[in-house]
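Structures follow.
Look for subunit A in each of the two complexes below; its partner is subunit B in the first and subunit C in the second.
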Partner chain A sequence: MDVYEVFRQERKGQAFQHAGSFRAPDQRFAEMYAREFYGRRGESVALWIVPRDAIQPIEEFVDELNRNYHRVDGYSLKEKLREARARVSS
Partner chain B sequence: MAEREQRFLEYVQEGGQVETDDWMPDEYRARLIKFIEMHGNSELMGVLPEREWILRAPTLQRKLALTAKVQDEVGHAQLIYRVVEDLGKPREQCLDDLISGKSKFHNVFHYPTKTWGDVGVIAWLVDAAAIISQKALLKCSYAPYARIMKKICWEESFHILHGRDVVLAMMLGTDEQRELVQEAVTRWWGPLMQFHGNPIAAEDDPMFVWRIKSQGNEEARQQFLDGYVPQILELGLELPDPNLRKDEETGVWEYTEPDWAELRHVVTGHGPKSQERLEFRRLARRETEWVRETVLAEAA
Partner chain C sequence: MSRADLLLPLADDELLLGWRNSEWTGIAPFLEEDVAFSSIAQNEIGHARALYQLVADELGGTADELAFDRSPGEYRCAPLVQLRLPDWADTIARHYLYEVADTIRIESLKGSADAAIAGLAAKIDREEAYHRMHAEMWLERLLATEDSRARLRAALATIWPSALGLLDGELRDRFRERTRDLELDAGTVAVERGEQTGELEELWEEMTMVRRSAPAGAAW
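Moving on, here comes the complex of A and B:
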């Protein structure tokens, strides 16, 4: 039996969130189980069910060149601002 | 403790969460499996005391609500066993260990459901005690478990309302009905006080140390007493503990020491209904075997 991961959307417009998983013998059962486990009380407006094998995880994000120029932490203005203000007021 | 294990411990103690494929110490994995498996067992065994009353429910509305609750709890067991499977123990093996008596389930599911009053008290107070434990798992360091707990807690809150409604209907009925509720409260008080376990300090409880649980046993019991004793008393019900009182200065509830020997005795399979209910599970497993076989054969 394959493992299926379930992502559910609580309200229209919201992001889908991982909710859990189940095992099912085939796609038909997978749909039925998803409806039973995650949708029967109207708690979801949409579900995505994905065979676990179809998910490709990426977990490493190496920043070899330390490219902080494209992030906010690459810009520390406090010291420069202080200097700039001091220059004007003197 | 190996350095890697030490780093892991610090990580979870700082609120870090762990996913299925992440590295984890063997002890952490073993404790997770044992704890989550017992939770799954309890959901599955927990429907049996209520199942006995589906055919005897007083109205169609109550029958439907009780059936829905039973369906919810079995659904919880499915979700929870799935988490255990990802940690390395297959569901079939969990079920084998449950029916052979090797693994445990919660103390409250080893007792009989004598009257409709018990059904109300179980849905109200047993579920209330359970939701306190389960809410403390929303912050579990093992993230897949924490995520399904969100759905489980949401459904449990409907169960508590249903139970409270059953109890209120009876309390507004005849003297005989009020008597049934009082008897049930008296019967269930002991097991309820044992439910959250011995008052081991959180720092000494390995389940807290690994941040599988986010609060200690006594903290959970105090929360239960704080939330529910006033609700019980305001209905004119009495609690069978002469020492039960809240210390107004410290805010701490005092009570007669729960019977820990009874708790151990019951959860090791010696409760009044332990063996009968396990036998029912064995029977159900045998009788549904052909369904599993047929479904798997057809899907293959």
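Moving on, here comes the complex of A and C:
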């Protein structure tokens, strides 16, 4: 059996979020089970059903030279905010 | 025909089948199917409840009284739904044949002159669409490999006489017509309603046990 990942949309216009996964013999069973597990209680307005094999994972992020300015923790935002506030109020 | 005569056989079929299908809860072939099949069982019991309510509106009393306070001999369900089927191929054979028969029955009720009955039949029909899809998927799946095909074929042949007993007259002819692709024996004699299987009594004991053991006037 194949594993399927399901994404659900709670209200129209909202982003889809990962809901969970299950096994199913084929795509039609997957649709049946997705409706059952993630749609029956009116908790979703739309579902995406994706075979896990169709997902390309990326799990390694190389940063050999420690270029921390690429990262959110590379800056001390607190300090910059304090300076900006001081400029505005002066 | 009174509502009771028209709807009680159907309501009893749905209640009993819901009970029999719920016996797979926890032991279905795999977890996902366990949830899906249990949900179908629940839906059938829900349909039974709505049908009992329509009958109760006419006769007086409540849906619960109709469902649980009759003696086993007073139930009008077909022998098919009484059978305890601990084999998945048998269960799928019954599930499929029941859904085909039920579709024919519901179609005919949708044309009822009683607006309440026609309305409920239309509602049930919309939910049954998923049951039909589920039954068809399993039928195709079990027909796909040699071993499972042989088991399903044997199961269909065993179940067929009691499945025929779900409908009578013109509706039964339609049932034979719509199952022609399965090449079931055309000369089969139906096991009719009222011919008890002996398995109803045991199921009734279990199904009504809590209600019978509760003190009179207990509220839930």
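Side notes on the structure shown:
The rule is short, and it goes like this: the second predicted complex is superposed on the first by the 60 of 90 C-alpha atoms of A that agree within 3 Å, B and C clash if a C-alpha of one lies under 4 Å from a C-alpha of the other, contacts with A are read in each partner's own complex, and residues count from 1 in each chain.
In this section, contacts are C-beta pairs under 8 Å (C-beta built on N, C-alpha and C of every residue); 3 or more make two chains touch, one makes a residue touch a chain.
None of these values were measured; they are calculated from a predicted model.
By the document's definition of touching, neither partner reaches A:84: not subunit B, not subunit C.
By the touch criterion defined above, A:38 lies against subunit B but remains apart from subunit C after alignment on the C-alpha atoms of chain A.
Once the two complexes are laid over each other on the shared chain, residue contacts for A:57 go to subunit B alone; subunit C is not touched. In the superposed model, A:1 lies in contact with both subunit B and subunit C. By the touch criterion stated above, A:25 is placed in contact with subunit B and with subunit C alike.
Comparing subunit C and subunit B on the residues of subunit A they touch gives the larger count to B. In the superposition on chain A, A:46 contacts neither subunit B nor subunit C.
Within subunit A, the residues touched by subunit B in the first complex and by subunit C in the second are 1, 22-23, 25, 29, 36-37. On subunit B, the positions that touch subunit A within their shared complex are 21, 75, 78-79, 82-83, 85-86, 91, 144, 147-148, 151, 154-155, 295-296, 298-300.
Taken together, the subunit A residues at the contact with subunit B in this complex read 1, 3, 18-23, 25-26, 29, 36-38, 41, 43, 57. Of all the residues in subunit A, the ones that touch subunit C in their complex are 1, 22-25, 28-29, 32-33, 35-37, 40. The touching residues of subunit C, when paired with subunit A in their complex, are 30-32, 35-36, 39, 130, 133-134, 137, 141.
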